[in-house]
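Structures for review follow.
Shared chain: chain A. Partners: chain B in the first complex, chain C in the second.
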Partner chain A sequence: MSAEYSIETEGLGRTYRLRENKKKKDQPRELVALTGVNLQVQRGELFGLLGPNGAGKTTLIKILTTLLGPSTGWAKVAGYDVHRETVKVRPLINMVSGGESSGYGLLTVRENLWMFSQFYGMQSVEAYKYIDQLLAEFGLADRANTKSSDLSTGLRQKMNIIRGFMTGPEVLFLDEPTLGLDVGASRDVRSFVRRWINENPRRTLLLTTHTMVEADELCDRVAIINRGRVLACDTPAALKHELQQEAIFNLDVSAQNGLEAAAFEALPGVRKVQLTPLDGHSQLQFILAEESVLSAVVNTLTQRDVTILNLTKREPTLEDVFVTLVGRSMAEEEKVGSNGNGH
Partner chain B sequence: MNLRSFRTAAWLGWKIESNWTDPFLFAVYSIVKPLSGAAILVVMYSVITNGNFTDPLFPYIYLGNAFYMYVGAVMTGVSWAIIDDREHYRTLKYMYVAPIRIPLYLIGRAVARFLTGSFSVFITIVFGVLFLHVPINLAEVNWLLFIISLLMGVVLLALMGLTLAGVTLLLARHGDYLGDAVAGGLYLFSGAVFPLDVLPAWLRPLGYAMPITYWLELLRRSLVGSVAQAFPSLSAMSNGQLLAILAGMIVLAAVIAVITFRWCDYQARERGYIDRTTNY
Partner chain C sequence: METAIRKNTGWRLFIQTILGRAYPRVVGMAREKSWLFFEIFLPMLSVSAYVFVYRAIGAPKEYIGFVVMGGAMTAFWMNILWSMSSQLYWEKETGNLALYIMAPTQLMAILLGMALGGLVATAQRALAIILLGSLAFKVEYALGSFWQLLLVFFLAMAALYGMGMMTSSLFLLLSREAWHLANLAQEPIYLASGFYFPIKSFNFWVAAAASIIPLTLGLDAMRQLVFPSGALLGFLSVKVEIAILFGLMVVFISSARLLLGKMERLAIREGRLTESRR
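Up next, the complex of A and B:
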């Protein structure tokens, strides 16, 4: 089987039917969670889906892992249609969701993992060997014989992540693998992910995240997804390169009542302004069409008797890419999204 | 691969079933629970018939009730795994992503319940023979008929459990009561507690349509030959006829189970119910 792509989707969409709420008749009956998604992920790629809460990341993963039927379009994983050829897809994949504690609490960590290895037809001896190796790598070796109900949520998540890698999938799906993990554990997971993909060129890994750094530093390619649409898809460097011509400045200014982002957005050449009130002062972030626009910004600040405490020019981040694509930061988008779920 | 996942599912089922901190308590519970159920029945019977334990009705009821424990154990054992994995352990989606046959997995999960159920049935019958004069004579037991009937019944109940499991997949709330509701409903019309003759004529067809009716009759006949003759509703039928009817109904149950489970499974994926949890 020589599939061209590990993961391929075309016109993929998913609409959820919402249960009727008798009190609010005017509420929409359907929610478009995903629409017109075209993706091509090559074998050997570490592919990231970056988007705010409710963007449709989990929905996409569920479709790709045969758990959910698409409403429109199709998707193939490892060369097989995920909807019609589930039996062929399943032996080749695995999936882990972060931020939840699943597993059989009454079994030990090792038993939980061994059990799943059996469902993938692994020989017990080899499975145990691999399990012990992975437990050591994830710093769980001393908890191998602990009942998993006695583990903290984070450690349970590590166990769950091991379950995903353990079965030797060709294509692995990680839904927010570092959600809820502390800094050290997240770092361990990220470096393991990177090593796992580098080890064997046949492997493909798709992960979702809403942390910029994770997408930026870890992934070969990133699709930025918002409200069910893929807005951009490229290497982190290429995505940021789009913004290279533009100038991005951080300004710390003295606190000033009545300072509004809108006042600056009216200036010609100002793409996007974000105002964050901090302790005793405010931070302004500007994306400017070019550097020369900065003088107009400074003028406006001086006219208003605002003191500039600090001014730095910085490299664009994926956050800036998101802001230019959507017009809002991810955090703002999540706030808007939760008030009535968009659309 | 299929065998291995079935075995593993059975292992998991056993771990869950025997998850008692104290094995002694587990044993006591396994004995006390079925006996207390039987005791209620015996007391009721005794009150209604003025303690007439020599009537063939008594072994009829006692054995029917004892074997009916399998219905709850095996049938709901299969469907319960859906609720348990989805709501409690949150692993159903991982089972679905794994390359296993879910029906086989579910049936594997019920093996432990079958074993503990068998133990309960055994204890109940032994108690009946020793203390309540249930007339089982080991020399007269038709063992072949007993074993064949028992196996057929287990297959039947597993298939019914699978049908139930399919429906459970589509039910978010109250899925947990479905198994008990079905088992309870069938109890009245399957000749477990009273012969079909006792039912009003218009309800009898319901009893005749239940495969469990024939199964229980076969088990009773294999253990206590004389019971069969006492009640007219099924006595006209030979063992062979009963077996043939039961076999036919098992085939029908298999067709229903496969169609229902496939359809529900498809619908559950269409609607996104595989990993849906109810937040009570």
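Up next, the complex of A and C:
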């Protein structure tokens, strides 16, 4: 691979034509899933795409894995144009999606993996060697001869992940790989991913996730994507650093009917407020321009006879970065999208 | 684990893919025993019904053999409908299709693997029906030319599975309607292909139209080759039927290749063939 970048896109966009709904003729017939995406991922990098469901992450991965053509712009993987040079791209890549049910239930785990290895031209002896090695790494060795239809969702997902690594790709795409995995299994996958990328500087991994911890813990750089646009792209530390001049506070307050975030948004120096009703009390999260703004917040609460139960200052997270960029938390953004108000 | 894994390309990869995709079909049959009931016992009931009718009306004894042979060949038609034509649609639903398209292999090799695996698995079912039917109803065979019989069987299967490969892309484009199409095509083809009687019973043009299904002429030619008076009941001469079967094989396999390419291009352009969301 002679290219400077493992993955490179410029002005990349994708618009889907929707099937006509005769009952809803006034609805748009196009869906802009991706627009003007410019990315450069270097060889050896573990790059994260962070965004809510429906942000365009999967569309981007589909374009990069040659499954979907772009509507505008171009993309290169391992130095080859993904649309025009698919034959050169495909031997160098692999992809695993969260929650996929690929393979055949009647085959055992080992047989399913062997079958996919044949589509990449791996020699059977070598394929079995890698499969057994990876099954052991993922704690699936004792399930090697279990029919995949008898596996739990989590174990099946581990099998899928092994399928992606097994062919030794130069560029691997993991689309929400820990979806459906329990905490322990997710941790195992994350630590394997890290080891895999560190073992060989030629490898590149692009991971999509809507889990902040995953992106923060794992990725060298993260692009935050929402409504088909890349809003920011940097290391997790640098993204959070932008917010470090600001002060972030969590306040647990007594439950109070009529308490609204809007009451604080008008205060000078309050950048963002989020109000979350919890069981028996409410939680307020503030991003303030500086710490001194907190006194105005406390005064407002006192005037409304709200008791402060707990007050903590915390370090910014990628969720805070997302809130700052979008104006809503990722969960709220997903809700807006699913209500049909999204892009 | 090192990245530098030795990988075959070209024709080796093509062959590997065929064998890799054929494997689940062959192994699957051994693991899912329900086929013994659904694909041997149930067809044997239909065969028996026709045998008793033919005996009751005093039909020539060759007709008993015709029915047994036809009953065996229904297994291939069922396999084409439910495991070839509909298969790419199911592969899309399970997410395998996207993985197949993304792999460095050719989709044509995947389809050939499906066909080979289906043929091997179904041949065992067909053979079981022939053996059971022949023993139960004391069918007498008089084999003319073994090599001609083998050639007819090979050409009929190549043309038939070529047709299955071609329709798999068509069914995928039609999505959910594929299920209904498969249902619709099942019984009429039993009739049109003459599974339980010689197609010479139709008038010439109906028999000629039915010959678009490779099983029609394949079955007719095989009957002519293995039964003493088969030639008298045959639609066309064996040589003509061989020539037509060869033509059908070329047409169907070439069309399968063309349609598969079109389907892949459409999948990449429209983005809806590899996922069921839009």
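The rule we apply is simple: the second predicted complex is superposed on the first by the 340 of 343 C-alpha atoms of A that agree within 3 Å, B and C clash if a C-alpha of one lies under 4 Å from a C-alpha of the other, contacts with A are read in each partner's own complex, and residues count from 1 in each chain.
By definition in this document, a residue touches a chain if its C-beta (ideal position, glycine included) is under 8 Å from a C-beta of that chain, and two chains touch if they have at least 3 such contacts.
All of these numbers come straight from a predicted model, not from anything done at the bench.
**Q** Return fit or clash for chain B versus chain C, each positioned on chain A through the superposition.
**A** After superposition on chain A, which the two structures share, chain B runs into chain C.
**Q** Report the partner of chain A that touches more of its residues: chain B or chain C.
**A** Touching more of chain A: C.
**Q** So, does A:200 touch the first partner chain B, the second partner chain C, both, or neither?
**A** It touches chain C, and chain B stays clear.
**Q** First (chain B), second (chain C), both or neither: which does A:35 touch?
**A** After superposition on chain A, A:35 lies in contact with neither partner.
**Q** Scan A:285 for contacts with chain B and chain C and give back first, second, both or neither.
**A** neither
**Q** After lining up the shared chain so the two structures overlap, which partner does A:9 touch, if you call chain B first and chain C second: first, second, both or neither?
**A** In the superposition, A:9 contacts neither chain B nor chain C.
**Q** Quick one: classify A:324 as touching chain B (first), chain C (second), both or neither.
**A** The answer is neither, since A:324 touches no partner chain.
**Q** With both complexes superposed on chain A, which partner does A:116 reach: first (chain B), second (chain C), both or neither?
**A** both
**Q** If you stack the two complexes on chain A, which partner ends up touching A:106: first (chain B), second (chain C), both, or neither?
**A** both
**Q** Could you tell me if A:274 is touching chain B, chain C, both of them or neither one (first, second, both, neither)?
**A** In the superposed model, A:274 contacts neither chain B nor chain C.
**Q** From the superposed pair, tell me which chain A residues show up as contacts to chain B and also as contacts to chain C.
**A** In chain A, residues 16-17, 62, 65-69, 87, 90-91, 93-95, 97, 100-104, 106-107, 111, 115-116, 118-121, 167 are touched by chain B and also by chain C.
**Q** Considering only the defined contacts, which chain A positions touch chain B in the complex?
**A** Interface residues on the chain A side: 16-17, 62, 65-69, 87, 90-91, 93-95, 97, 100-107, 111, 115-116, 118-121, 163, 167.
**Q** Show me the residue ranges of chain B that touch chain A in the complex, using the header's touch definition.
**A** So the residues of chain B touching chain A come out as 1, 4-5, 7-8, 11-12, 15-16, 19, 89-91, 93-100, 105, 266, 269-272, 274-275.
**Q** Using the touch definition from the top, list the residues of chain A that touch chain C in their complex.
**A** Within the complex, chain A contacts chain C at residues 14, 16-19, 31, 59, 62, 65-69, 83, 87, 90-91, 93-95, 97, 100-104, 106-107, 111, 114-123, 126, 130, 133-134, 147, 165, 167-170, 196, 199-200, 202-203.
**Q** Which bits of chain C are touching chain A when the two form their complex?
**A** On the chain C side, the touching residues are 1-9, 12-13, 16-17, 19-21, 23-24, 27-28, 31-32, 94-96, 98-105, 110, 267-272, 274, 278.
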